[in-house]
Every structure is written in structure tokens, then in C-alpha cells.
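Below is one structure, written out as C-alpha cells, with a few remarks after it.
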């Protein structure tokens, strides 16, 4: 039973940490309708900044806002390339992502490891002072949970502000934003900045958790983010009251749980991506079926 | 939604209870390999051989659970967490990303980790703690000596490497430090991704290097056939860094045998699971023995004749 | 007052398909005028709206609203003075936001979109009051998503949203064309009511000659980038649908349609 508990804890922790990335993708893909590939670069950017700061003896908590600022800058770059230089959304993201690959290596030098004698956010005095007695996996779960809940609440509150409302409007109907005498380009840039700050935060926490930065850790993160957002929003499409952030969070946990299930079942890793694809397709088809089913009910009613 | 969760939990439960079963004196070993790759596979097979050499029998003395991450660091993390949750008695990690993931997952539970196929354990932060293993540091001097005896007139050696790979960066440094002793200069070109390797090969050829020498750089080795296609056309011999590369068409290599590296790791692992030694007290070991591997067909194509003093010790390693 | 002075608009300049639509075009719309514009396809009606709003570039000329030249301003900057209702009902509202959120967005036009609460609860009853004038009952559905409304309801909502804050000029871009005849009638009546009650200066492009004849206090007919008919006040009031139809057919025959 302990085995199961441990697995649930460590898998949930992964799901939570990566949910921050899903929040970011939720903002660009679902709210802004902007397929942002910057993610593959801003995720390791957060980790690179964190690894460098940690190996230089910085306070572990300080790495979180600094990583977010770096991610925000990456989002700003994509936004400016798209809005000011009028490069297509997909290409703007690809350009920044490609540049970030080099920038990440410039920042970190090469792949970096944080030694065990260096304190991460999970082992810092602040956390051990009130969670000291519990084992590390519990601490990782609780700290990630607190961070994710805090970010989620802040995001949900932001979406209710005037600025947040305008952000939601720009993806929904950008013509209306222009009619409101607001520059839709600026609103998109704000969205990209917030999104990539969150993605970099996720990368930063992964670096804390793994004590490692690798230049290739960003590969495939966009796909992961899209998958989790689509899984989450498809499952919850019937429930208007469920926040998009909640859906993304659950999507991330389900994704990681499926991976862990595949590992536990002993499925060959070379097939994991295929399994992901099948899962993805199944959920989409299920979602479409539900939509049609609901539509039929409505017609009959 | 609830149903989905229920199914997930039930399935995980069924598996985890199944894997828990077993007697106490049978030690469980989780092998986490970063990906399917000839050298890494050799390591794993050698590891199992090493355990057998120590007189341990699978099922009676130990059980093996093998996972590979398909070269995905996030999956490597989850594999390590799976082993940790299942409280394996020992984690064997093959290649650096799997080793860092295993070490992170074992941080609290103090599960011993044994690694292999890591060039610089110090750089990878794996030199202290309940961890030990074997390092596959390249025999650079032997390689330079080999090239000198095969190509007495050569002056420049070209090397392709990945700039983000600490193993490769430290190997390049060693090449540059020692090349002078053998009258060579090094022309190294760094890449950041596998897709750049063949372009970099073109520019090395354009620089008129006398030969290529490979490291154990995954990006470069991964596209070795297309590099060889270009170098063969240009009549430039390529030296490998281990037997698998020679099998694929490199002329020769002074390389470590990954099977033997794994074997050594297996012997160390046997000491840990029998309680003979603690991983935290064992220093990691670097394999120093190397062998000379040759591919006579490739040598013939490059019209290189094998020096007499090598004919006795060289091991023929062509695939066909 | 809106003035268009010496407007030159050339489509595809410098290519074989180059087409000069407006050459030294002038138009003046006085405060309080409700102008209807009719004309066949390609006569330049919609281009005229797009020129005012900055949706398309012009080669030469000035667009002046109440003394301020806005011809060099970006489209979104011009909308601080202009309101526009589009032909497509989907353009004027956000389908995934609720009616209340849509109204709140519209209500904040001209102010900062900062981190204060997006919805001002105190204004809700005012929004409901405004929506109640439509007589469609949507004031009781403040929390449903606009995407669930019918095309006519969305267009009515868009009209209220566009005129919620003070604007200097209202543009109606064939705003009844996508609706069924009954709904179009309702929207047209509402438009007239809103323009009159808020004393707006407005400009309506329409293909419906009856609306052009029955509503507004000035009418122009356009053909190939030129104004071929301009009637205001009493002269306009005496123009019947049949008169318009005759003239419309005349220019159409001239064009060979």
C-alpha cells in the first residue's frame, strides 16, 4: 500500500509542477488562440537560470521570481517579433525557441548539476522549519501544491480583472478589442509574457526537484502542454463553472499518471509516445462524442 | 472522470502489489537506462553478467526490473520515482540523465544508486552520497597513439561534439592538451543539436583535416552513417571511440568495451546487495583497459595498412 | 462633425490590377445627421467606412472628426471616437464571455484596463436597464455566454455595447444584412431609437432601399467612388423607395449589370 501511496505522491508532484507549464499553454493556446512554441525554450530557460543561481549560492526562493522574469522576457520577445515585426505566430515562437536554445547554453555553460549540499526550495530551512519531520517526497508534494494553488488563485483572480477580461476578449474576438480602442497587439504581448513566465517557473521548479539542468529538457514540452490543456478542457467541457486553470491542472496530473501507469505496467518506453498519442485521440473523440450527444439532447429538448 | 481515476488507481494498485511480492532475501534491482542504444545495451548486458560472475542468480538472489526512458528526461524522472516508490534495494542507472534522476528520487530514501556510462561523475555530482559506479572516460592517449601509428603523416584531427554535453567538452579539452605530444593539432566543431552534425561534418571536411576522431557523443554517434558517407566520399578515415562505431564503418578505435564496463559495475553491485560493502563508501571506478578494434574493410577502402605491431592485438569488428 | 477631404484611394497600386476608387473624394457629415448610404457592389460604400476607421490605408486625404485629423492614427486609436456595428453579429461581441462581462468590457471603453475588478457589480442594474430597452428579455440572462444567443440578440447587444459609452460617431456596416427579415426590422427600429435617444451622428451602409428611405435624415447614393445623389432633411423625407429604386436601376444599367 505504501508503494501505491508513494507513487501517487510522486506522480501528483510531477503533475503539479508541470501544471504551471500547462497554465502557460492554457493562456496562449486556449485564451489567446496563439500556438506558442516559445515554451520549448522558456521551460529550460527557467531551469538554466535556476541552476546557475543555485550553483552560485543564491537563495533558492529567489530563483523563482528571477526565472519568471527571464521567461517573461522570452514571451515579450516572441510578442514583439509577432506584433511589431509582423511575423506569423507559429514562426515567431520558433524563432525565440531556437534563439533560447543557444541562450540557455550561454547562461548555464553546459548541462548543470546542483550538488546535494546546496539547498533547494524543498530542503531550504524555511520549509524544513515546519515540514522538517516529513519525508522529502511529502515536502516536495506540499511545497509544489502550495505554489500551484497560489499561482492558480492569482491567475483566476487576474482573469476577473479588467486587464484579464480584455485578455480573454482578444482571443475570443480581437475585432471587439480594436473597437474598444485598445491595441490587440499589446494585449497579446501581455498574454505571452504571463504565459512564458509561468512556463519558466515550471522549469525552475523541475530544476529544483531534479537538481539538474539539461539543454534538451524543453524538447516536447509544447506538445505536453497542449495535450494536458486539451485533456483537461475536454473532460470538463460540460461544466461551465470549472475554471480553465483547474482543467489544465487536472489534465497535467492525468497525463503524468498515465505515463506512470505505462511505466508500472512495464510498457516499453519506446512506445510511451505512441500511448500518449492514443490517449490523446481517445479523449478528443470522447469529447466530440459528448458534444454531439449534448447537441442531440438539446435539439430534442 | 471518476471512473477514469478509479481505473487508474485500481490498475496501479494491482501492479504495485504484484511487484511487492517476493521474499526478503531476494534483492530487487531497478535498471533505468536512458534509451535504447548499442553501447548502453552492452552496458546493461555486462551488468547482468557481472552479477552472475559474482555468483548471484536471478530469481534466487535478485530480481531485475528494467525500464528505458526513450531519451526523455521527464520519463527518466518518473521511472526513478517508480523504483523509489517500489523501494527497490538498488537502482542501476545507465547514462547521465537517468543517473541524476535516480539520485534525485533516492535522495530521501537512501536507496543506493549505481551508475555506469558516465564520463565525469564529479561533474555530474555523483561522487558523494549513497552512490557509486563506473566511469567510461575515453582512453584519449591510446587513441592518439593509434592514429599516429596508422597515419604517420597526418597532422590535423577533426572532432565533432555537442557543446552542452559535459562529457564531450571535457574530452575535447583532453584531446587538445595531449595532441601536441603526438604531433597533432585538433580542429573541433561544436554543435547544439543532432540536426547540425552533418553540416558540421561538411565544414570539417572543407578544412582538410587528415582524419576524424569520434567521442561518445550521442548526437554525433546517432548520425554516424551519414557522417561516414561524406568522409568516405572525401577519402577521410574516421576513428571511433568504441566497438559499436567500428562495426558501423569507422576504420579503428582505441576504445573501452562497454560490456566489460557493465560487467565491472555488476560486480560492484553484487557487493552492495550482498551487504559486503556500502555504495557510499565505494569510490567510483574508471575503466582503464582498452582494446584496439579495427574494421579491415574500412581500412582497405581508405588504403591504410595495419602496422605490424597492431596485427597481433587488434580485434576485427566489422558487422559482416 | 466628420469631414473627408480630398481622399484618394487606389487598390493594388503599381500592378496591372490597379484600380482608382476615390479621386479627390469629399464628404461632410454634420452633427446630429443620420446618414444612409446606398449603392451597388463596388461603388465604394464599405471602402468609405474602412477609410474612416483606418482598416485600409489611403494614398492621400484627411479624415477629420470634430476638428481633429485622425487619418494618420492607427485603427484602434480612431475607435476611441468611433463606434462600429458590423454586418456579422459575431464581430461585435465575445461569444465565450457572459453578457455581463461583455457589457463590462464595453462600459470600460476609453478607460484603463488595469487590475481592478473586471465587473462593477453596482453597474449591473444599469446594464440591465439598457438591455431592457431592447425588449428581448436578455437582461435576465446576464450570466449566460453570448455565444448561446441568436444572431439577432447578439446584434442588438452589440448595438447597445457600441453606444454604451459616449462616442462622436456611429458606423453601421450593413448591420441588418445577416439577419432574417423580422429580426432585421426589430434591429433597425432599435437602431433608430438609440440614435435618436442618444442624439448620435451616424452613418449606415445598407442594401435595403426601404431602410435607407424610411430611416435617417440624409441619404446618399454612390456609384464608382462618386456621390450621385445627396438628399437631406425635407428633400430626403420626400424621397420614396420607388424613387430610389428607379435611380438605382438607372445607374446599374449604366454599369451594364
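As written, the chain order gives the labels A, B and C, with residue 1 at the start of each chain.
Here, a contact is a pair of C-beta atoms (placed from the backbone, for glycine too) under 8 Å apart; a residue touches a chain by one contact, two chains touch by 3 or more.
Because the structure is predicted, anything quoted here is derived from the model rather than measured.
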*With one step meaning two chains touch, work out the least steps from subunit B to subunit C.*
2
*Report the chain closest to the protein's overall CA mean, measuring from each chain's own CA mean.*
A
*What is the distance, in whole Å, between the centres of subunit B and subunit C, each centre taken as the mean of its C-alpha atoms?*
70
*Quick one: report the Å distance separating subunit A from subunit C, using the average Cα coordinate of each chain.*
42
*Between subunit A and subunit B, what's the gap in Å when you average each chain's C-alpha atoms?*
32
*Over in the complex, which subunit B residues touch subunit A? Could you list them?*
1, 4, 8-9, 11-13, 15-17, 19-20, 35-36, 65, 67-70, 72-75, 77-79, 81-82, 84-87, 96-97, 100-101, 103-105, 107-109, 123-125, 128-129, 163-166, 169, 192-193
*If you look only at subunit A, which of its residues touch subunit B in the complex?*
2-4, 6-8, 10-11, 14, 18, 101-102, 105, 110-111, 113-116, 135-137, 209-212, 214-217, 219-220, 224, 235-236, 254, 256-261, 263-266, 268-270, 272-273
*In the complex, go through subunit C and note every residue touching subunit A.*
74-80, 83-84, 86, 90-97, 101, 104-106, 108-110, 112-119, 145, 162
*asked:* Using the touch definition from the top, list the residues of subunit A that touch subunit C in their complex.
replied: 158, 160-166, 168-169, 172-173, 175-184, 240
